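Chain nomenclature is as follows: A, B, C, D and E, assigned in order of appearance, with residue numbering initiated at 1 for each chain independently.
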Amino acid sequence: MNTTSADATRLAGAKPAARRFHEFRPLNIGRWLVWSAYALVLLVAPLIFSSSLSQTMLTQMGIAIIVCLSYNMLLGQGGMLSFGHAVYSGMGAFIAIHALNFIGKGVLPLPVSLLPLVGGAAGALTAVLFGYVTTKKAATPFAMITLGIGELIFAMALMFPDFFGGEGGISSNRVVGSKPFGITFGPQIQLYYLIALYTFICTGLMFAFTRTPLGRMLNAVRDNPERVEFVGYDTRKVRYIAFIIAGFFAGISGGLAALNFEIVTSEVVSGARSGAYLLFTFLGGATFFFGPIIGAILMVMAFVLLSELTKAWLLYLGLVFLFMVMYAPGGIASLIMMNLRVASFGRLKELWVSYLALAGTALITLLGAAGMIEMVYHLKLNAALGPELTFLGVPLNAQGADSWVGCVLVMATGLGLFEVCRRTFKAQWGRIQEDIEKEIKRREALA
Amino acid sequence: MLHIDNLHAFYGKSHVLHGVEFEVNEGEIVALLGRNGSGRSTTAKAIMGMVDCTGTVDWKGSHIRGMKPYEIAHLGIGYVPENRDIFPKLTVHQNLLLGQKGTRQKGRWSFDDMYGMFPRLKERQHTEAGVLSGGEQQMLTLCRTLMGDPDLIIIDEPTEGLAPKIVELVGEYLKKLKDRGISVLLIEQKLTIAMQISDRALVMGHGSIVFQGTPETLRQDAYIRKEWLEV
Amino acid sequence: MEFFTISLLNGISYGLLLFMLSSGLTLIFSMMGVLNFAHASFYMLGAYFAFGTSQLVGFWPALVISPLLVGGLGALFERYCLRRVHKFGHVPELLITFGLSFIVLEVVQLIWGTSSVDYRVPALLSGPLFTLYGTQFPIYRAFMMFVALLMLLAIWLLLTRTRIGLVIQAALTHPETVEALGHNVPRVFMMVFGGGAALAGLAGVIGGNAFVTEPGMAGAVGPVIFVVVVVGGMGSLAGAFVASLAIGIIQTFAVGIDSSLMGAASTIGLNLTPDSFGYTLWKLKISQIAPILPFMFLVLMLIFRPKGLLGTREG
Amino acid sequence: MSVPALELKDLRKSFGRTEIIRGANLSVQAGERVAVIGPNGAGKSTLFNLISGRFPATSGEVLLHGQRIDGKKPFEINRLGLSRSFQITNIFPKLSVFENLRCGVLWSLGYRYTFLKFLADLDDANERAEQLLHMIKLERKRDVLAMNLTYAEQRALEIGITIAGGASVILLDEPTAGMSKSETKRFIDLIKEVTVGKTLLTVEHDMGVVFGLADKIAVVVYGEVIAFDTPDRVRANQRVQEAYLGSSVADAQAGGH
Amino acid sequence: QAKSPMAGQTVRIAFMDPLSGPFANVGQNQLKSWQFAAERLSGANNPAGVKFEVVGFDNKGSPQESLNTLKAAIDQGFRYVTQGNGSGAGLAIEDAVEKFNDRNPGKELIYFNYAAVDPSMTNEKCSYWHFRLDADTSMKMEALTTLMKDQPQLKSVYIIGQNYSHGQQVAKYFKEDLARKRPDIKIAGEDLHPIGQVKDFSPYVAKIKQSGAQAIVTGNWGQDLTLLVKAMNDAGLKIPMYTYYAGVTGTPTALAAGGESEVYMVAYNHSNFSTGEIGGIVNDFKKKFNDDYYTFATYNGLKLLGAAIAKAGSAEPAKVAKALEGLSVKSFAGDVTMRASDHQLQQTMFIDKWQKVDKAHPYSVENTGYTFAPIKEFAPYVSSTPTSCQMKRPSAG
């Protein structure tokens, strides 16, 4: 109980300024619309993006959405910074794939479509076990215990090939068991819809959780654990239950991943995986419920697409994080909410020209910078293939002065213009915010 | 010594001080009175360079507006913030140590002076300041600032949460400061000691000075008291 | 006796090495409360810079130049990145160092390639210092121990002879008040972060050739140095020192212990066969888990004594 | 005499080697309003911390309605019907005012750790929270985040959370600290209003508040309760005069109301 | 030579291995090796006259990511995939290819495994569509223990390895083979340590010294190998060390930095082939990239593929797979044969010794001034091991 409430709030990682816009609250009709739109997107996405790769990505996005949302139950809602969330999704995945193998052998009479629930149960059980010790603590000690447990489990995973399958992991075949209506889950698209269904339901359930007494007390524990004790709640128990629920959803996502990949290897419990959940949940925005959804989508895109597009993807990723944390610590969700607030006061239309200008100039700057980064990488990695490379269709010569000068020029121009746009935008934004504050005051006075 | 003219201060976009002007002379206790939210603390922060402001703030004849807080502190202005900003994880002694600006320079005040002033602090010397009682914390902040050997000390609501006897004690010590040639800008809202010890009183309302005069005149000016100090 | 002496020597020297690696982190973590995930990256930079500069000017100048360069980079990072996010809290601080570690890794690979570089121990320091029971003790290891002790001394002086530690701790909760008392808080923060980075850099100069200088070296030491800092007690230099030695010695001796739970079970008359439940777990020897003992330590420590060995606070 | 609402029996507390509370005895009857006064550092807040379970006592007993509560956790004590506020504002900064209050009422209405019901459907809890909102006069700030409230509003919210659970014994630690005279006055009325029929203990330095609010005054000096009596008798008490009152400041404060 | 009907056709191979992250160095070297060999063996240089094209996909060393890259490759129309770095990813690909071919008849893929050496891939988990070009752990151990059979002075050996499937398998096969060939050799001790977790190997060295072993056998690779060697040098423990992976990118440099040491490596190649087609590749690769060409399996793989396409008269994987079974081609060290029963290539094995370059062995590995010199050569039958593979073969065709 030595942690001051200030510490606790800081650990929750919320940006105070962004939080002020929390008041924006869609009407209930709005909520219906949002959920229907979400369902619709899940339904039609694979019809629009129909290549095999994009379907794989969509399935993985569904899985990632569940796990990132479950992670945010801890981080965003409970102020618990976990470095070991992959342990729970991973254990869910392992148990699920073992169960799948049992189904395959005919020992376990369970429809494949319910397998994720097995994963969920496994995740929850794991959380019951480890959560008992981790949730005794909050703040930094909590973070460090989860780090330790994560490292231990990962190291152990390679040592126990019986259960974890060693380097090769455990593989399985999802086309087993009963086949209701001829659904075998063999084709990716069938699996996609199963995952989409789970994603939708889990998102709904997790959102519902934020509206329950426990969900609210979890927020209270994040903000000021000390006070919570004086309104009758055991903070430890609040954290523990929430931890188990988060473990359950993480386990579901693990179970879905087991179905999707039909193989589970030790990397699913690795620290790198946990780190990715943390980074992308934060990037999406931990202070808003829907933030992690954005984060999850970006995570899959970064790992699957970006890494194919450029060898420098880790560098870009690092830079994106650096800048996001510096300039938008509330994540993408907070940027969206800020603009929604402006929109709700009918002022967004004034801004779009600025946005276009900003985006345009930023793009130019980026192009210049990326051109140079790509040339450096090319020089370093593919020098033997000759100095030429094409970057977005533009032929560049990594050893030619003209390419470099060109890139520098493009970047410098972009940067200059961007700065000009940024300044005007900043002034404009400030003015609008001022007006909005005034308007709020006025409404308050009226009320 | 301290001369303030046409001072405007802002929190982001909200304009809090509207052209404040007053002076504090050498060896003088000036009380700055006013209701909650009238802008007294903001004035103090503006002098210390802790908020955005425009206008003139002169100290011993040189402009100090726009300087960093630590530079201003080095010029000899001490600030005792409101709401007891003690450093909770440091011991009482360490808190006092941080009041000193450099390790070398010898000031008017020693640790012993401080402990002599409030024996309670001496007893609690090696305790974490965070667990001190509310009143003890208040004493500590005052002493901490004195350790920096200021020529002018700005005290924001020092008697808050102090037992009546201690309030009186603080009043006496402020007078002692004055005797040692230190100027005091005392921010208060309960008139109790302010009226007794100050040489001059200022009343602030809505971000500007609405009254200047001796405590005596203020006591007589029922209108000002009613309009700007009480309900 | 022979085995014991040598193991003790190995344990102490490994412990000192751990301390060398984590001292900068302790400094930053204890003072600024920043979980600097890029600490190991600074360590790596130190090694690569030393490799680069020692090719030009030799090892001894590199020993000085390289930490200074790393410290400078650390200070710049604090000045232009970390400082901006400080006000948002610990999680963003941690994430920004996370981001930095990606960038450093990529840049290192771009400049020095993806495989290990040939960074060697200088001739003066290679070879054995003395031979004990037929086992050599290398000079370089002694040098490493010496530097670790120097680091301890330097940080200790910094903490006890100056008020920097107090200023920073106070500034963590009340930066404005500390400034109003006349302390240039931003500069102190920058110096401390730069100093911590420089210590990591120095560890890199020395660890880089003692071990392997390659892009994976940061990832390899990353987690374990956190263990040292936490087990020792956040905010406690002495704790970090004791924890390093304890971990070093225990881990070293654990390698020599070949008993397992199965052995323990059989002494109480329980016979486990390969078919019994969890056989692989039972037959696991202590020597097999020696390298991950630190993490067990960490978990147990946080459960039973969250302040750490010599720490005073939990958060 | 009926069972006292709150009783302290030879309560002691040491931090390290210093004994801060040195055998405090006190017996408060149900429905009494007690002001706890005493010099700075006398141990008033510590006493509250011991009663509410924030610190464990070194020795001695605390009885709530005759039941021993020393050694229990804060949340257990709270569930038994004792609630407290803090000298330094202690609210949920990132929740709205309404949510702050609702957090205060949930346990007492039996919702415990449930996650199978929607908050929006808990009519009784919502009604109670709205009611509290009116009582502390923050209706207009209903959806404002607590951290964006002014200081006085935060203090009011602090009290609101404290009384939210409907506890029968309420401890307030310097509820009016940092408020102006007019606000203080309004606040005393508020406290009186919301604690009707409850047992109230409050720490105060402002004699005006003390005499305006209390049925009885307990004087804590150096970790002991040296006097516990009606205001007039306490004022007349010689020891109290020496230790605490007896200054022009106190007189001025007391005269103010 | 009659012109092949396939001439001029392009055969595209998707290479999936880590191209970023901690193992990027190995992956990038191997991608270059594939591309270089493909360039050399295209057109007239293969009996089918086809052009080989190798495109790199970054699987980040992760089994799951490998499945994504596999999907990406399939989307882009690749029918041949190759991978080698790590058996984890290898098993994932083997399994996924099997399933894909099962579910998508007519669109089959072939997987060339050039370095993933887990024996299970050609035993209990074997697949018709998987062809391994490297020698697996058991074969290498067969060669190694055969060498020991001829070293009567060797009396006790210490075995140390990483505690994961590869390290465990090395230990297991070593003990089995030794029991068969040299039951008199004592196993002085056995240590399995967590992979990538040990920073300081001196405690292990002390333990080895204590045990009085005359030699060390280890399957360690990367840091775990170099740090072990360094710790031995530091402590002055000068006993020979038998390894699997002393030649992997980065390790030689680190070995050299640690000074002289007695390290043996068992492999299907060595660094001093300077003549013939392979000699040209090795030397020109070095000239072009200033990097070592050590993944000779790329050469064998393309040789086999070319021959199989010519034999099948088609580049259709279903037909090529059939043609590959039992196929024999002439390679850099005699003939190599793709055993039909388990799709494990049978080839000559070498024991290489780490030593300073000399006249007979001039090739400087990673420009360190050291080289791997062959000290022993075993004909394919010596290291051949039995298989438990029960292959599911496609019914038609």
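Annotations
The rule we apply is simple: a contact is a pair of C-beta atoms (placed from the backbone, for glycine too) under 8 Å apart; a residue touches a chain by one contact, two chains touch by 3 or more.
For each chain, UniProt lists the protein as follows: A, C = Branched-chain amino acid ABC transporter permease; B, D = ABC transporter ATP-binding protein.
Quantities reported herein were computed from a predicted structural model and do not represent experimental measurements.
Each step here moves to a touching chain, and the least such steps from chain B to chain D number 1. The distance from the centre of chain A to the centre of chain C, each centre being the mean of the chain's C-alpha atoms, comes to 30 Å.
We define each chain's centre as the mean of its Cα atoms; on that basis chain C and chain D are separated by 48 Å. Separation between the centroids of chain A and chain E, computed from CA atoms only, is 38 Å. Within chain C, contacts with two or more other chains are made by residues 109, 113, 173, 288, 292, 313. Residue positions of chain B touching 2 or more other chains: 88.
By the definition of touch given earlier, these chain pairs are in contact: A-B, A-C, A-D, A-E, B-C, B-D, C-E.
Only residues 15, 18, 37-46, 87-88, 150-152, 174, 177-183, 185, 205, 207, 244-250, 252-253 of chain D touch chain B when the two sit together in their complex. Taken together, the chain D residues at the contact with chain A in this complex read 52, 54, 73-75, 78-79, 83-84, 86, 90-96, 99, 102-104, 106-108, 111-120, 122, 125, 140, 143-145, 147-148, 161, 164-165. Residue ranges of chain B in contact with chain C, taken from their complex: 48, 50, 68-70, 72-74, 79, 81, 85, 87-90, 94-95, 97-99, 101, 103, 144-145, 148. On the side of chain C, the complex with chain E involves touching residues 2-3, 6-7, 10-11, 13-14, 17, 109, 113-121, 126, 128, 131, 134-136, 138, 140-141, 209-212, 214-216, 219-221, 224, 251-253, 255-256, 287-292. Residues of chain A that touch chain E in their complex: 51-53, 56-57, 60, 155, 158-159, 161, 166-169, 171, 173, 186-187, 257, 261-263, 265-268, 303-304, 307-308, 311, 313-314, 381, 384.
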